[in-house]
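You will see chain A twice below: alongside chain B first, and alongside chain C after that.
Entry: the complex of A and B
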């Protein structure tokens, strides 16, 4: 840990000392997390897991505690492609009942009320989770009872822009699906100005349950988004996620999916579209712990300007996980000469009766395809747009729900609008 | 199919034997005291009568090494190495040239016999005076017997072509300007912990220079052997292919059976200038340790080639079946425009062996291309990791890479891992990577068994098929040997 880094970590540790007595939940867990964070600090590019993502801008910036908000956040909410129907809205990391629409058949609470830490998060191993565990104050607690199909629920995070006072917030979400339950969770995050959004989510999927988790990260282009999600899937259950990363100056979306029960499955699909000097990191770890499980991943990166995209995808297969079927495809399209992609697919396999594969490709738009469209009178910009959209479609098609898909399509359109401008 | 028959025969002949090449030769050795310090480095340099610049270079490397820490990022696990408990210099005692084979140390001849070196060649290797006539077999051998090259054959034929093929300790005296220019230019003395150690204490190795426009008239070959207890091997190989030249170099390895782990930290540097081509093939079969993983060689090697010239090409082919731990990444730095790098690898691990191997392809020049084909086979309680890097720098417009790494698992106690790094900073570059992991297909096994092959023979056959893409890149004589090695290495892993 260098001096600058120490300063960054120290201000968070200082805040913890100040708030320690007032924070909800098990104090011992928070103290342990603080000890881990104090010992390790922020990760650096010398840490293998952070080889391609530098948190230097985060450690160098100063962040403040969110104020009990001045703004009502309605205007920021309108900027996200929010759908009709139930939604839980968090402003600067705190639950906002005024902006929310509560669902009927789902048990909904907040971390501020329940203050229960889950058992999936690993603050001892993941530094940002330690930071979250140390300072978290609120978050969504969602429970779907056995056998209930809860339909759609939206989880929205917005951050207010208070110039000169960048805030940091660390929401802690927990989602529990009972046996055979179903939920479509559409998560969105956005905001204005500079801030640090450092959410940790734990998802428990019981036997035969299906959690479809679609996430749109469209944070302010000067914000930092560092999210960690842990999912645990029991026998016959499915955790099916799609992550669309469009925003933030530096973003890291880290997903740990553990297939714990036989015949469980997970899909960790995603797309990143980055421009300017954005840095986007999509890191996934799929752990096959039980026999006959399947994992599928299709991840697409579209990079323009001087953007840098990172994909790290690890598939771990334990000794017991015979008959594992793992597949991962990761593709990147570089639209400008200065864009960069770093990709690290990884297989770690200890069982022999498995079928695992990964593929990765990197390239630019196909000149022949471009020529084909141009020769039919389509202007260059439009031709490029058509080809990029086609490239993304394979990943987006993984979203089965039409209204959710349409919502993401709107976000993609808006992204193109911003690129053109 | 004679080759297949041979494979099967080998399997049968070896079912009861231990490590085939596990013999140890007892010849008089000239040993330096154990330990590593400036004094030892000065001693090595003095024994070899080295010029001052080389001693200085060694000392600089040693100073760098002292500030470095042993890396531990690979998946390999091993007890700590005590660098002060090794001999850094061992040379067979030199006698004046024997007049005939009868006068040669019979122990030495036995080694050659076990290695299968033809009689006439043995005479040359043993330094029998007047034995270096012309030979029908176009393979030049530079036998490295422990640290000192005992003799070099075929020098005359090569000399006629202008090729220099000699121990590097000789090259230091004969072509000092070439050695000084290129030594450490691909793998700098402080490149990594083991390369720095090697730079400080290397005792010998091979030096090859192919002049402009020359196609080396024969394949060059070195038998590396590790002998004498507790001598770390620190080979240094430097191959320079001048403009429009071509060379194929074979490196084959076997080692005596022993109980103590042995450290081997070689450095191989290749330099290809404009339009030059270097093909470097390795069959590595050092003692892997017994079934419980005791003994066996630690093979921590730095191999790197620089395609300095335009349209140059470096091709690495390796078959790794031995060593307790293999830790190496033969790499290509593609500096020249339109240069080509290739890496073909088969790594087999059985029992408690650990292999962490792969390559780095660094695309710097325009229109550079690279191909990586890696086949990993794990059996027993072993771990086999492919770790590779493909990096495209901003200037490398039109760069192209294709990577294929496949892993095969035999048995449910082993591990197969794939860790590729892909970094592209040029939009016009095209990089493709594919990896698969699976076990031997039941239907293929059933097909073979149904036609009367035993389980073990069937596995040998299927494994050879799995590795075909790599084995076909090997020179003929190596290809046959490699097939046998695969079968031997997997012995006892099925059933």
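Entry: the complex of A and C
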């Protein structure tokens, strides 16, 4: 740890000391997390897992505890493509009943009330998870009973902009699906100004259950988004996720998916559209623990300006996980000569009867396609946007639900609007 | 309508067009024939503004305007249309959307009102029917998975929708079956009149039996080496290009 990083970590540790007595839940778990964070601090680019993503700007910034917000947040909520129907809204990391619409067929609560830490998160290994565990105050607790198809639920995070007082918040979400249950969870995050959003999510998918998790990260362009999700999938269950990353100055979306039961499956698809000096990191670790499981990942990156995209995809296949089917593809479209993509696939295979493949492509817009469109009268800028959208379409097509898809399309449209402005 | 004077162009430093002179008066249909590699497609790309073709000399006037100074999209808006010899596939782009975007871009540039999806579909469906194309053609991605002939028909569909003043058909007949050839020829003939000028590039007399050209030009080694009436095409069919290459 260098001096700046130590100072950055120290201010969070200081906050923990101040709040320790008042924070909900098992104090021992928090103390252990604090000890881990004290020992390791923020990761640096010398850590293998953080080779391509520097948290220096996070450690150099000063963050404050969110105050009880006086703003009602309705204006920020309106900027996100929220759909009709039930939603849980968190403002600066705290549950806001006034902005929420509670679902009927799902058990929902908050971490502030239940204060139960799950068993999937690894504060001992993941420094940001240690930070979250140490300081978390609130989060969504969602449970779908056995056999219930809960339909759509939205989980929204918005951050208020208090100039000169950048806030940091560390929500802790937990989603449990009973046997054969189904849920379509549409998660969105956005906000104004500079802040750190550091959520940790645990998803438990029981036998035959299906969790479709579509996430839109559309944070303020001066914010930091560092999210870690752990999913555990039992026999015949599916964790099917799509991550659309559009916002933040520095973002890392880290997903650990463990296929624990036979014939379970996961899709960790995603797309990143980054411009200016944005940095977006999509890191996945899929653990095949049981036989006959399948994992699929297609991640597309559209990078313009001096943006930098990172994809790290690790597939671990345990000795017992025979007949594993793993697929991973990372594609990047570089719209400017200064844009950059780093792609690191990693296979760790201990079983012998396994089908695993990965690939990566990097390219620019196709000159012939561009000319074809322009020869039909379509102006160059519009022709470019058509081709970029076409590139993304293949990724977005993975989202089966039309209304959810339309919500993400709206976010992509807005992204283009911001680029043009 | 179109006046090409001493036009030279090169690709990757290789000279392909070596001083083309060609004038197509308004309302006429001219055919260009010539051996493989003689520069026919190059000419059509240069006229429509492809950037990797470098114009090394000469001028092109389109309705009196300096065509070579215009962006490709401006040429289309001015009424130029190229039916590609090898139409380009656009995965992820729906055919109907593509054509509506194109039509509206052209209409916008001309100061005309844009069409909404309903208005557009009416026009597009009528054109699809006229070209005897299957209905689902509009729903598919542009040229993706189309057969060779379907791609050519899709070019004709775009022409029917965009209604250009000057159409360049680059071997649109190659790959078409006999019925499709007739339908395409009828489509072109239906547009013939004082407001429609065309440059038809082909290797076969067969097409010119249906679309009877006003003039026929022979392009060899990047030059027009001979021009004549429709009978020139018959002569070529009988004798081939032997002797033309050095006639320049």
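Definition applied: the second predicted complex is superposed on the first by the 421 of 421 C-alpha atoms of A that agree within 3 Å, B and C clash if a C-alpha of one lies under 4 Å from a C-alpha of the other, contacts with A are read in each partner's own complex, and residues count from 1 in each chain.
Just so we're on the same page, a residue touches a chain if its C-beta (ideal position, glycine included) is under 8 Å from a C-beta of that chain, and two chains touch if they have at least 3 such contacts.
Bear in mind the structure is a predicted one, so any value in this text is a computation, not a measurement.
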Kindly classify A:19 by the partners it touches after superposition: chain B alone (first), chain C alone (second), both, or neither?
neither
Touch test for A:389: chain B only (first), chain C only (second), both, or neither?
second
Scan A:116 for contacts with chain B and chain C and give back first, second, both or neither.
neither
Determine, under the contact definition given at the top, whether A:360 touches first (chain B), second (chain C), both, or neither.
first
Can A:345 be said to touch chain B (first), chain C (second), both, or neither?
first
Would you check which partner chain A:375 touches, where first means chain B only, second means chain C only, and both and neither mean what they say?
second
Identify the overlap between the chain B-contacting and the chain C-contacting residues of chain A.
none
Given the complex with chain B, which residues does chain A contribute to the contact?
48, 319, 322, 332, 334-364
Residue ranges of chain B touching chain A (in the complex, touch as defined):
73, 392, 394, 407, 409-439
So in the complex, which bits of chain C are touching chain A?
48-52, 71-73, 75-77, 81-82, 84, 87-88, 90-93, 98-99, 101-103, 105-106, 109, 158, 162
Mind listing the chain A positions that touch chain C in their complex?
367-369, 371-380, 382-383, 386-387, 389-394
